[in-house]
Amino acid sequence: MTMIFGIPVQALLGQLLVGLINGSFYAMLSLGLAVIFGLLRVINFAHGAQYMLGAFIGYLLLTHLGIGYWPALVLAPLIVGIFGVVVERLALSRLYDTDPLYGLLFTFGLALVLEGIFRYCYGVSGNPYAVPPLLAGGTNLGFMFLPIYRGWVVVASLIVCFGTWALIEKTRLGSYLRAATENPRLVQAFGVNVPLLLTLTYGLGSALAGLAGILAAPIYQVSPLMGSDLIIVVFAVVVVGGMGSILGAIVTGYMLGLAEGLTKVFYPEASNLVVFVIMAIVLLVRPAGLFGKDA
Amino acid sequence: MAEETSDMAGLSLREASAKPSPRLEWVLVGLGIAALLAAPFFVYPIFLMKMLCFALFACAFNLLLGYTGLLSFGHATFFGGAAYFTAHAVKVWGWPPEAGILLGMAGAALLGLVMGFFAIRRQGIYFAMITLALSQMFFFFCVQAPFTQGEDGIQGVPRGVLFGVLDLNAPMNIYYFVLVVVLLGIFAIWRIVNSPFGMILRSIRENENRAISLGYSVAGYKLAAFVMSAALAGLAGSLKAIVFQFATLTDVTWQMSGEVILMTLLGGIGTMVGPIIGASLVVGLENTLATSGFPVTIATGLIFMVCVLVFRRGIVGEVYARVLGRVGKG
Amino acid sequence: MTSASPLLAVRGLNAWYGEGHALHGVDLEVFAGETVTLLGRNGVGKTTTLRAIMGLIRRRTGKVVFDGADLMRLPLHRTAHQGIGFVPEERGIFSTLTVDENLVLPPVVAPGGMSVEEIFDLFPNLKERRNSPGTRLSGGEQQMLAIARMLRTGVKMLLLDEPTEGLAPVIVQRIGELLATLKQRGMTILLVEQNFRFASRVADRFYLMEHGKVVAGFPTGELADRMTLLHEILGV
Amino acid sequence: AEISDGKVKIGILNDQSGVYADFGGKWSVEAAKMAVEDFGGKVQGAPVEIISADHQNKPDIASNIARQWYDTEQVDAIMELTTSSVALAVQGISKEKKKIDIVTGAATTDLTGKQCSPYGFHWAYDTHSQAVGTGGSLVQQGGDSWFFVTVDYAFGYSLKEQTAKFVESHGGKVLGEVRYPLGATDYSSFLLQAQSSGAKVIGLANAGLDTSNSIKQAAEFGIVQGGQRLAALLFTLAEVHGLGLQAAQGVVLTEGYYWDRDDKSREFGQRFFKRTNRMPNMIQAATYSAVTQYLKAIDKAGTDETEAVAKQLHSLPVDDAVITGGKVQADGNMVHDMYLYQVKAPSESSKDWDYYKYLATIPGKEAFLSEKDSGCATAAQ
Amino acid sequence: MTGAATVPPDLNAEEPRVVLSARGLRRDFAGFVAVRNVDLDVRHGNIHALIGPNGAGKTTVFNLLTKFLAPTSGRIELLGHDITRTSPAKVARMGLVRSFQISAIFPHLSVLDNVRVALQRPAGLGIQFWRSLAALDRLTPRAMELLRSVGLDDATNRLAGDLSYGRKRVLEIATTLALDPKVLLLDEPMAGMGHEDVATVSALIRSVAGDRAVLMVEHNLTVVADLCDWITVMQRGEVLAAGDYATVSRDERVKVAYMGTADD
């Protein structure tokens, strides 16, 4: 068996694949954050909570209404998206004229409330959500046993990420979004319905978090705490990628997933630090982030 | 490169534009101090001391947010870090309390130097996220480092005898000691804010490029402010370790960083008294809710949302604006 | 549209920045096809007038009627669709958009606008740099882009805030010619200008502002008679 | 007979909204109230009152409340005290104030070791009992090669180290360990490492959601089907319930109470279920036991004065609806039998909350450190 | 020091000494050369204009000279010191101060404080965090004097952000002057100003140029003709011509490229 640093190549491949799977979640979540940040200048601290919400909606649909995974895959992001729309209309839209930090603080509060409510109602030890029968089981790739569901997560996230990227960078709607990012009032004065654009963007970003959540439900325990642990890492991912850069968020998400995967093999104690260490290095070398424009 | 300040931007995170007249302010300060001197005879001292520690913590934090415009989401690092240093020095090395507290402050300043070094490279939200991430690193460090005793925390820290004469185990002794130190700390912050140095901080917050072109080394100023804020936050943490006789992970979590933001926001960003009031309210609320059965996180979160939406200036800022606004403008 | 009723009528327009009362009842009207220039010293409220007409200032009262529509009641994004375009003093070029994207950004609100090709003929500089980010252009180039992008939209009326500010004389000349062309095509223009010489070449009429109010209005023909007043108020 | 201020007041101080809220939480409060009712609501003619507070896992809040309870609210004893940092802090205060505390919700052996108190008691379980229970007994069941997945901080190490000690002393072997940082959400990488080690048992030295997620993901990667066994070193019925049998089947764990063990436990479990709609785990059950025992001690002492009650608590045998044959050591540790269980497969479960298959009993003497070994200075005298 | 000047500057009484010089300055932006091969000498006591069509690279040259941008190649000397690699704040402390094309003020400080902030550092009051604000009072007379000289003394207590555009520019010049710079770089100081202000500011610039060097970018040719001793004309990133106004304005290339055929 070939070895690299004392680890069989096959085991390493397995670990890389696992890293890529986690990277898929980082990518989807940081993408949502980047989209929201890009236009609203709001660091959506509630992103983790919305991810949790996505998973919980999946769980509740199943247990209360008997609605299974596939419909939930559509419904959960939709509901989270609508929730986002409501939040934007009722609250965030009132904050645009203020310092962007208020958006961060508001969503921070929102995250606490969401998490608190679910903790209160459903406890913290989490609830099970089964892998859909169609994707149950796994295949032996030779170097590892890959649960089919995890393979599906990678595929789904790639589709979602690059679809969103194309929407923003390649369409006319995208150029409205980018322009509104810089000077929303002026774009509105040109005749673009910017308030609607903002609402939909927050909805879209939230829906992306919800989608990640329902995708995660069969892998992790559906628990009120599932988002808050993840969100800070995702923030670091976004800093590394360069805020506001859509492509940066996606690519960095996958990359850091891989980096973390490797660390888990060679020095597992540091696997939760590696993202932050990379962030520190990137800040030293390229303060604007890997894909950020020069600030 | 020059970022144009949009003239459509409304109220931003800056100090209250309306302020009471200096004379009124002094009267209020005098009343406040008198109340604090008398308080331990009416209110539970431990609670008061906790409130005082958090008040200092919030004021130190406000030095950075309210007067330099930098939102740190990692101030728990300094608060909790200093608590660990002090607790360790006093308990394990047997240092006297005053030395332990100084060590805690110095340690916090050092942590501030390191974190600041990275964070001041970016502004605004980026700054917030970087401090958050770095403080999370420190949290993991504390979880794993043997000297912090991990999940258990450093327990049973002796309060000791101050300067070899004042026995801090007597409730009134420690209370007045804490009160004096906190007041000194807050005075230091007030001094910094209302100093020539503070003026430069303000101008940097207003227009960084212009400050550079006037010859100010902006990075140096920001770093200095960051370190000062960290050291003072550390002072608060060290005091807390002596008061409660332990240092645990709670004080280095990001939730603690969030809590100090809440205190400042609730009381009034960029006001001197706001953070003190905010800290008292939050500490009081946590205590009340603990026995009420109402989930604390929900309450905290709701306060955050309401503050941001309805009274962004915070209680004190709002009072200033309502009562004194018209006078102040003229 | 008879020439008797103005395309744009502003009555008693007041505007505030926070507590600051910037406009104290501005009255003016612009007829279809006219070029009208707003003169006044720094800070009298010229820019504010244009922004209040567009609805870019939130706190405003009074009456603004454009082409029969009451602009006071419309949300900001509907104003442009009435056929009115705004070129701000600070230009408002988007750095994350290329020159091309900047150019096609404002939605077309009515037929009859210029095509991108026509625009590039008018501003060859822009064509040369069409793929660079908008704000990488020089100050002057950005001004051209800011005007150019409104020409595509088919608006009936343009509000131009100091279009010659910071521009080289050749370009100023070019912009003068451009305004003349636009006028021939029937464009209505409300212009704010410090460059009195430039203004006097392109305008049909003048309004003079002082302290947030219009204090005088006269056609270009009367310019000579009004010199003393202008002297007094503008220091020209 | 005198009861101070004519009333016995017991404070239940625990996590009711944080990460360990399911571990004991508001159900522990219910259990305490049940104990009082079962005791008749009165002791020595004085009414008994239960008050409770949520310490949110913050030692400073806990100690603030504890001091306030002792100083101004005439609380006589504090119990439950989920999580070690809180338990140690409150035990320190209780010691200073000469008040009784009975910990049911924290794991650290320091409570009856280095930081023991003459008035402090530890009920239910500790890291040692979990280690012996799961580590020692599993080797006897044939699980003689181990790989640990350890959460990287003191709690994880002590669980792992103590377990490894018992594995080895029973003739088993430890093949390796992977230490992962607290707060990890994905365990597949660590589990793959554990899988490829070929160990017969994978020991999960962690707690709470970490354990749930490791178990769930182990199921996903087919680890149990692949013939390896999962040993959760600190896992209770509440979490098994949360995880569901599908994912949790086959997991081996140690608890000091299981409702379906015998008639006595079933009777208690069902009464608890009527009140709360769930079966108690060992922490909630132990809280019942702790309150009951405290009241018995007051009754016996005829007073609620701390020294006298502590003396009774140290000497009275523990025998109630939850614990059988318990004995309190000089270091304050309540020694009782622990049980090794295996989680049933869904097909084996015949009714609601029918989750465990009994594997073995760990006699109290083995499960807990003796007062000589505990390192408690006052007990050694 | 570095030997570019053959004669020690202050010995040469005829030619005012060169205080700021650039040699072979070049700056690329992702393949686009915004400034190439620019040589420039700014002399003490002179008002030097940098003119040229939009996009010629004038602002970029300013940014290079003040170190807000790093030159791709070339060399810059200030008062005999090589500052090619010096930080912008350091350069400012050495006496090279600029204004911005987009007005740069501290909007939420009062007009008076705007000026006092500029006075603080030279007065050694930049880092005193232990002293009271009253320490700044001794700067007030000088600040008032500066404000008076630009006609802003009626607005000392207003927030700078509430001033109109033109008056903001005037304020900016006042703060710049507060530093008493050796070399003053003004990027379009008259843009957006009314005629009256233009006259005030022209007079102001003339009066301060006596004992310092001024380099300004300006499109208002009347001002340039009136004020400037030396003019450098740029086009497409390069120096097209240099000389006094009369020379430059007769240059055919300059007429075609910049001044146009209209009057003036």
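We just call them A, B, C, D and E in the order they show up, numbering each chain from 1.
Here is the rule we use: a residue touches a chain if its C-beta (ideal position, glycine included) is under 8 Å from a C-beta of that chain, and two chains touch if they have at least 3 such contacts.
Note that the structure is predicted; figures quoted are calculated from it, not measured.
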(request) Would you mind naming the chains that touch chain B and likewise touch chain C? (result) A, E
(message) Just to be sure I understand the contacts, which chains border both chain E and chain A?
(response) B, C
(request) Please flag the chain sitting at the greatest distance from chain A, going by CA centroids. (result) E
(request) Could you work out which chain's C-alpha centre is the most distant one from the centre of chain B? (result) C
(message) Centroid from C-alpha atoms only, then distance chain C to chain E, rounded to Å. What do you get?
(response) 31
(message) On a C-alpha centroid basis, what's the spacing between chain B and chain E, in Å?
(response) 42
(request) Let me have the rounded angstrom distance from the C-alpha centre of chain A over to the C-alpha centre of chain C, please. (result) 44
(request) Identify all positions of chain B at which a residue touches two or more other chains, and write them in rising order. (result) 4, 7-8, 140, 144, 295-297
(message) Where in chain C do residues touch two or more of the other chains?
(response) 17, 56, 90
(message) I need the residues of chain D touching at least two other chains; which ones are they?
(response) 17, 152, 181-183
(request) In the complex, go through chain C and note every residue touching chain E. (result) 17, 20, 41-44, 47, 89-90, 125, 132, 136-141, 143-144, 162, 165-173, 194, 196, 234-236
(request) Going by the contact rule at the top, pick out the chain D residues touching chain B in the complex. (result) 16-17, 26, 51-61, 63-65, 67-68, 71-72, 83-85, 88-89, 92, 108, 110, 115, 152-155, 181-183
(request) Note which residues of chain A are touching chain D in the complex, please. (result) 11, 14-15, 18-19, 21-22, 116, 119-120, 123-128, 130-131, 138, 144-145, 147, 149-150, 219-221, 223, 225-226, 229-230, 261, 264-265, 268-273
(message) Residue numbers of chain A touching chain B in their complex, please.
(response) 37, 41, 43, 91, 94-95, 97-102, 104-106, 108-117, 119-120, 183, 185, 232, 235-236, 238-239, 243, 269, 272-273, 276-277, 279-280, 283-284, 287, 295
(message) If we count contacts the way the header does, which residues on chain E are in touch with chain B in the complex?
(response) 63, 66, 68, 87-90, 92-93, 97-100, 102, 104-109, 113, 116-118, 120-121, 125-133, 135-136, 161, 175, 179
